[in-house]
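Going in written order, the chains are labelled A, B, C and D, and every chain counts its residues from 1.
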């Protein structure tokens, strides 16, 4: 029998070692797996490469990973955040590497990794410094830049509900990077608000099929008002 | 008279047609939503995975899982849909968004856009979805003050700031005038301030094509 | 006000001219927009390029397009069908062109067109005659083949329900090529069983957002038993 | 004794572990579903957009919108999910399907697979999803009769038919024996017929590595 639920966040993040490349879901707070990030912090591993759109955003769980010196490199589209200085200080002191990626390239490169694509040509970034030194190609009269897939050892994502097969549904804009990250990592670990009985999720509405989920925890917790989550 | 930020937003809103799919950037572009004509059905896209985005959520009624690209809590319109990030950016990059409206540090006479970083060595660079919109939206509209705080024109012959996209901007709405970028150069569509095309060209620093007409409404 | 519903299939396919490239949804019968194909047949246009996974399958609406001599070229993964000879005869007589594409490359090339991708590298087909003369590249020790996006002038797809914005949901395996074709064509025309009021489709379950749909017809008809559709 | 089609399918089924995600091809591979052990939860994928596919629909209970890759009306298991074609093939091509089981015209000693067309000039070529599975599944298993109707071995040193994929097959289940393709060559895991490894090598036409053991169950 398949049952991908594990008991706690510590067990969920077991196996993550120093030097791992970790995708973390979320666009700002929505979709951010806070309990899993806390568990990762408690696990004490370091030299991590973190892939997250807003890595560095103010005072949240991810920035505590930075503050604790656990992160060697960040791959993201927007590390700036009002009210945050942790990332800025580390970056300006040369203590953290930054690979800045246009957000669509970030999403598409993650999707490519999950889909078995070896690389693709995109118009985004052509003629800018973020495409400097990248292969370019003229296709049907337009300029394209070659981008490579972004793989990870682990993906930590947050969804709304799961069943024991690991089928996931999300809520509103918290869906964001979860579905593509789940497919791009060797091991995908989800944090959900609730676990439901197998069959309770309509097969037509499942966003992430369980094939992409290795294990998950259920927090029993459904944020509907931001005051609750902060 | 120069336009206020709200007046610029209102001026942009007049040009968005019924049925359009529109992505509004952070800042003044977001204000455009407040001035969209009531008799038009215009569908707003937010890069973090939604079509049919509504206005800001009322205090106390925020949903922690529903924000716009600026991380502001928003609402959903009837008819809305959600999708994941790769699908959202496929929509932007595949040429499906009719209009995007973005702020800018500089726009060049060829329509080059610079809006993601200055040349400061102490600022943290962040690009977000700006390059995807610049490359992918059918019509890229910019809103900005025409002059910087130190009086330099932000409409320039060549951008001195790093580019977001090359030759992508179609129209520029400013506090002073509205411009179109066309193959022959930059064309003035409307002037709000008490200037003529020649004076405006002098202030901007290169020759602008005058397409203002007497029919032009000067707000 | 947005209302993308049109009155009949003839109006829906107006604008399709000789020489058009047309994607047609469906994996066999599920997802095949029969009423739109019939209308296309009635419209009398010819010299068409048809992109459809099973183009040629026995006796259905698409094979009638072939039989009527309307199709110059077919791009598909599997034209063979038990009980069908229309395509076979035309093909063996050299009267129809065939571009045979592995099914995953077909789906991914269509997806690429909708997503603004100029081309991509895939492992599928490497070392086979379907990749002969194609660009190959060694990426991380594995061989990849370069594939290009597949665009179309029109997409004819079938869904289950639509609202007036053109938001679509599908039923079961009839979803297949509809969502990717809708995004890859200049003009997308859908055939749905039912139109519902705006807001009746849960925003979380919409599969094809209306941005990808130009117009649709409602047949008022819901097949649940195959005897009804054949 | 050589195995029947059903016995080959049953033999494959024994090797599919609990929790596996499996794609079964058309023909004998489809029969594997009937023999999966009751105490294992195995999730079937069908390329036309479904995980958790159930068995064939009963007569009169077919759903026109629910078929497998062979266009046979099927059912859905509790826990099933649907997705579109690009997502379905991303699942196959991205290395997420644990096992695929396909038929074959020929398999070479290096694991090259030929199963999409013969060299006939009058047949209509069709490839479907075979090349995607060959390139993308974690474990590619083949089921076939070891010999053609004219007695030629379908396990060959080099395929004479056009390839579906190069060096992709891991295991071959036949009516006569089960083989693994390993770097050193082709290894016999089990022999069902009354032959020893040497005799089997002679029939196949090249030297096979003997890994059969006395513990091997001969059905």
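FYI, contacts are C-beta pairs under 8 Å (C-beta built on N, C-alpha and C of every residue); 3 or more make two chains touch, one makes a residue touch a chain.
From a predicted model like this one, the values you see are computed outputs, not experimental measurements.
For the pairs A-D and C-D, the larger set of C-beta contacts lies at C-D.
Averaged C-alpha coordinates give centres for chain A and chain D that are 35 Å from one another.
If you average the Cα atoms of chain B and of chain D, the two centres end up 55 Å apart.
With centres defined as mean CA coordinates, chain C is found 33 Å away from chain A.
The geometric centre of chain C is 29 Å away from that of chain D, both derived from CA atoms.
In chain B, the positions touching at least two other chains are 50, 76, 82-83, 89-90, 93, 135-136. For chain C, the set of residues that touch two or more other chains comprises 108, 111, 115-117, 122-124, 170-172, 203-204. Taken pairwise by the contact criterion, the protein chains fit none of the simple patterns, being neither a path, a ring, a star nor fully connected.
Pairs of chains meeting the touch criterion are A-B, A-C, A-D, B-C, C-D. Partner chain A is touched in their complex by these residues of chain C: 108, 112, 115-124, 137, 139-140, 142, 144, 148, 169-172, 202-205. Against chain A, in their complex, chain B makes its touches with residues 46-50, 60, 62-67, 71, 73, 76, 82-86, 88-90, 92-93, 122, 124-132, 134-136, 162-166. Interface residues of chain A, counted against chain D in their complex, comprise 1-2, 111, 113-117, 163, 165, 167, 183, 198-199, 201, 203-204, 206, 209-212.
Those residues of chain D whose C-beta lies close enough to touch chain A in the complex are 18-19, 21, 41, 43, 45, 50-52, 76, 78-83, 89-91, 93-97, 135-136. Remark: chain C residues 27-31, 53, 56, 77-80, 87-88, 91-92, 98, 100-105, 107-108, 110-111, 122-130, 160, 170-180, 207, 223-229 touch chain D in the complex.
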